[in-house]
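Which chain is which? They are A, B, C and D, in the order written, and residues in each are numbered from 1.
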Amino acid sequence: MNYEVRIDDKLFHLELDRSEGQWHCKLNGTAINIDAVLTRTNVLSILLEGKAYEIKRELTINGLHLWVGSSHYSAEVRDPRSLRHRKDGTAGNKGPQMLTAAMPGKVVRVLLQEGAQVEAGQGILVVEAMKMQNEIKSPKAGRIQKIMVATSDAVNAGDLVAIVE
Amino acid sequence: MFKKILIANRGEIAVRVIRACRELGVLSVAVYSDVDRASLHVRKADEAYHIGKANATESYLNIEKIVDTATRCGAEAIHPGYGFLSENAKFAQACADAGIKFIGPSPASIDLMGSKTRARREMQRAGIPLVPGTSAGVESYEQAQQTARQIGYPVMLKAAAGGGGKGMRLVHSPEELKPALESAQSEAGGAFGDSEVYLEKAIINPRHIEMQILADEHGNVVYLGERECSLQRRHQKVLEEAPSPIVGAEMRKKMGDVAVRVATAAGYSNAGTIEFLVDENKNFYFLEMNTRLQVEHPVTELITGLDLVHLQIRIASREKLPFQQEEIRIRGHAIECRIYAEDPDNHFFPSPGKITLLLSPSGPGIRRDSGMYEGWTVPLEYDPLLAKLIGYGADRQQAVGRLLRALNEYFVGGIKTNISLFLRILSDPDFQAGKLDTGFLDRLLARETPVSADGNSEIAAIAAGIFAVLDSAPNSSQVSTGTLSPSSNGMAPSTWKKAGRTEALR
Amino acid sequence: MFKKILIANRGEIAVRVIRACRELGVLSVAVYSDVDRASLHVRKADEAYHIGKANATESYLNIEKIVDTATRCGAEAIHPGYGFLSENAKFAQACADAGIKFIGPSPASIDLMGSKTRARREMQRAGIPLVPGTSAGVESYEQAQQTARQIGYPVMLKAAAGGGGKGMRLVHSPEELKPALESAQSEAGGAFGDSEVYLEKAIINPRHIEMQILADEHGNVVYLGERECSLQRRHQKVLEEAPSPIVGAEMRKKMGDVAVRVATAAGYSNAGTIEFLVDENKNFYFLEMNTRLQVEHPVTELITGLDLVHLQIRIASREKLPFQQEEIRIRGHAIECRIYAEDPDNHFFPSPGKITLLLSPSGPGIRRDSGMYEGWTVPLEYDPLLAKLIGYGADRQQAVGRLLRALNEYFVGGIKTNISLFLRILSDPDFQAGKLDTGFLDRLLARETPVSADGNSEIAAIAAGIFAVLDSAPNSSQVSTGTLSPSSNGMAPSTWKKAGRTEALR
Amino acid sequence: MNYEVRIDDKLFHLELDRSEGQWHCKLNGTAINIDAVLTRTNVLSILLEGKAYEIKRELTINGLHLWVGSSHYSAEVRDPRSLRHRKDGTAGNKGPQMLTAAMPGKVVRVLLQEGAQVEAGQGILVVEAMKMQNEIKSPKAGRIQKIMVATSDAVNAGDLVAIVE
């Protein structure tokens, strides 16, 4: 199997095969001798030249996350053969920007209206959860094309709440 | 001793009190709101009753419903935990009226300490050292101006009914006073329904040190040593320890004696905490009294070897304190980390949701008081405190080492937690040297987050690939990471949750 | 301080030592056999190396391979844990020869205490109280007959190289002596490759109390109080506690002084334990010295507030003991339960297999040292100790209450454990009264098992039905309980394992 | 759904239905008001008239086990409609008896040979695991029809090792 793997902002080309219970691994063309055991769902134990690593996997709306010990890495895996891959989380600041709720909660205030001009970093609406208020801000200067929610609406994490163009 | 106790709370503190009941052979009764049916305290209790909707005002703050539930199930006493109704004199009175013992002080003591201005007046009368300032609410801007000039800037405006930093303003100079007074009054009114504010000399970067006391209903009062609570963010405690790095035997005795005098002056019984501000010259001033069990009580338990909840229950059942002041022995050092469902990389926003993976630490010197479990969905309606991790050591250094070890073992998947923040705090040289004040955490957070420089991107890349291979392997119910699309509820798709291949793959 | 330590062990004790290394900032190296690749100690260590086949003689007992691994990975010291090579003088010597520090006493001390007859002779010379008997191996039946007559029946035959009850025989009368001698010699020969046995006065239903000592490499020796280890089955400890219910301050000092004299006479360094037999009149007799960390060391850690493994490592790196005898403060009470993979309802047969569900207790006063995790398959090749659950309390009653609470929270599914046995022991009135001797457990087990009279069959029936409904529900990957057939590996079918519906169903 | 449930040696007739998130339950004809939540796989929380129960389920080769708190119950569930049910673990002492290994391990001794007469309780072979030896005994007096294993063989728990007729 061949994979393109992005870890934070580094890209790796990975070749992986398993035969007779042994992993064969090439990272960016270099053969690496690894020993891997899935100890429980989403917890992998890897030995690499004697060093022991415990890796946890987490899948959230913000994508795939790996924890090597206590260090966090965001990851993306592409299988070039199948051409299936995760959609990019952020696509730069060009074109319309989809604003999503970062946490589930209740909309307590809508600060601006559709059609209004916004500055980068300006708040558009406020979501409350666990006694904390989270202001959803515009990632860029532009115009509010659409606001999908109203005061008192419940939102889930990842819900589209507004579009800035 | 009581036969049955109702716990008017939820989360880790409800579990903690339920455990104490079980240890004493007392039946425990949980109450729960709509969104807490699957919560740990309901699983762990002997009995459990639904008391209303998710919104706390319709459940955990509903005095009538709770007292009624206790009466109907035959509970003889109610433990209020912390937060919710724990410092509500009306609730304590409603319990008494229903013939149910409130495990805490009398309504009168709660009332007295609930008003910061009244408490200041009473304590002034009893000769307790106070931060210079007013002991009555500010009546006018002119009066405030005059007082501020007398005690000297900077001054602090505080809400009389306050707590949690609401209605609090630091005022550096005369021209800042007017707008600060107005906004503090307005905020206090909004938060507590009482806009009274008072004025104190501001102590800059003070230490926040508190003294635990226990008083029985026969007039005996003891102190159990201090806790250092200077690590705060937005006036909320984050990490506490005992003993304080700056308090020696002599200062402890002085503070303890003052704390006992405060409790006696307040006619106090049961467990309580006297909070002090300590300035750079180790002068200490009475700040307020918390008339309940504190979140951070475990650090005192670890250094004294006592169980405060057992003792609370024994005191409420009219037992005498089983020891005298001189029998209390403080040994070692303990530090508590409050594990919150919040994102330290994103302004500490709350992060409710489903816990998809939970690896919990244990072993020498580690105590874990938790209200969570794998598979549980953290509701968004309440305080985000998930668990407390407490480390004990023969000395402070060992306690820090054990906590760092345990925090590295702790993993909560599916939601964000502030575990990484504690790794930063405990690794900080100033923290390790015991140089703490209430500004410590803000200064730490203002510094650049250290980039994870452990250089394990290669391992992460290989692991990502191995997970993908395992997902796509025949006989696996896991879907490929390549085909996953985010679901709408903030969690992994349900096919993912059902995955369970755990066999060795080497 | 060392930079890297290899742990020549597995299971909970390997995890415990790895944790201590991490707390001290020392890199830890695990070693593992074929069947231990997925074991917890491999997951938790900084490095891990394969050392051979499942059979311990080809891995955890393979001196050459272990020393070679330590040399090649640059470990400066080896911690042997308990069992395996921990009391093997050849191993300690091999480490020294390879320039690696053995974390324990010198080969000479191990050798001396390894031969019970030689140890008796040395201790007799040092004026230590011994159970009356021979201090040399029995040379003939006639000699044994004569000695037994002198000291009086009943007498005990013991293997000189012994341990774990092997080669041990209680002889009540002269006519039993000859066959007992022959079978003890034969069993000792088979078990230890050394058929030497010796003879002692038998003390009937004695207490087994041991004293923990620490000795640095600069001649300082201290004792850390006693442990009561009278609860044994087939001469194997099951539950230990500290302090002993019968040892007061005066007796502790007497036993402690003797223990320090034993250690000094043996030229001992590092952690060690002196075992005593105590008769009904509280006379105590030296039994043997264990020249390693004991399984039950946590109870001493909890009552002293010290970390014995940290101290072992510090001593091995030639630090001086950081305290004197009079600074050691014993506070509270601690009890340890050894959680074994064995079936208490079926003659305590071992029960290896896959752990399909694991609910672990935590909270106040509970320490858990564990080598297991959910999804792990307990290998059948080694000792069945899975974990240790240790309860601490301000007094013995509180420690018992906390342990009962925690044991009720503990659930290990898929294999059998002895958790229910501890619930029986800790609920027993004689145990609660502190009436313990080495015959206690056999007497308890001889009594009828109490029928579970909690009358929850109805709840069980309803739960069985609900599980069946949930299994058969659409969108569930669980198969119906009605169609399950046992699989061949002693576990649930794999479809079952993949089940993971955890949403609320109300 | 109708079930026949055996808990230890008691038989229950159980009717269970779920509608609108509520359970409707009749036990031996009596309606019972229950509230049940699966908190995690194999761990059920049941409230019955205020009493709270935590029930763990375990499936081993010896059948279905339920733990109510710390109390153990062996269980069997039959769905009369489908006529599917678990085969009985023990079928009395009549007819040939299948002897199975109670634990995985290694056969260290075969004490008797095929065709030999045995007494009830007499050992037939010895399996060792975790340094402990487990003698597999005949449940009744009879004749050894067959022994399936030899010394040094590895056995898994539940493996058939001998038949006594």
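As a convention for this text, a contact is a pair of C-beta atoms (placed from the backbone, for glycine too) under 8 Å apart; a residue touches a chain by one contact, two chains touch by 3 or more.
From a predicted model like this one, the values you see are computed outputs, not experimental measurements.
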item: Which of C-D and B-D has more C-beta pairs touching across its chains; value: C-D
item: Separation of mean Cα positions, subunit C and subunit B [Å, integer]; value: 38
item: Computed distance of Cα centres, subunit B from subunit A, in Å; value: 32
item: Rounded Å distance, subunit B centre to subunit D centre (Cα mean); value: 47
item: Contacts with 2+ other chains: residues of subunit C; value: 37-38, 44, 375, 408, 499-502, 504, 506
item: Multi-partner residues of subunit A (at least 2 other chains); value: 35, 37, 39-41
item: Touching pairs among all chains present in the structure; value: A-B, A-C, B-C, B-D, C-D
item: Contacting residues of subunit B [partner subunit C, same complex]; value: 15-16, 19-20, 22-25, 37-38, 44, 298, 301, 305-307, 309-310, 329, 331-332, 360, 362-370, 375, 392-394, 398, 401-402, 404-405, 408-409, 477, 497-502, 504, 506
item: Contacting residues of subunit C [partner subunit D, same complex]; value: 341-342, 346, 348-353, 356-357, 359, 380-384, 407-408, 411, 413-414, 419-420, 423, 452, 454, 456-470, 472, 480-492, 496, 499-506
item: In the complex, subunit D residues that touch subunit B; value: 35, 37, 39-41, 43, 45, 47, 50-52, 54
item: In the complex, subunit B residues that touch subunit D; value: 29-30, 37-38, 42-49, 73, 373-376
item: Subunit A residues within the subunit B interface of the complex; value: 1, 3, 5, 7-8, 10, 12, 14, 16, 18, 21-23, 25, 27, 32, 34-44, 46, 48, 53, 55-64, 66-73, 75, 77-79, 82, 84-87, 102-105, 129-132, 134, 156-159
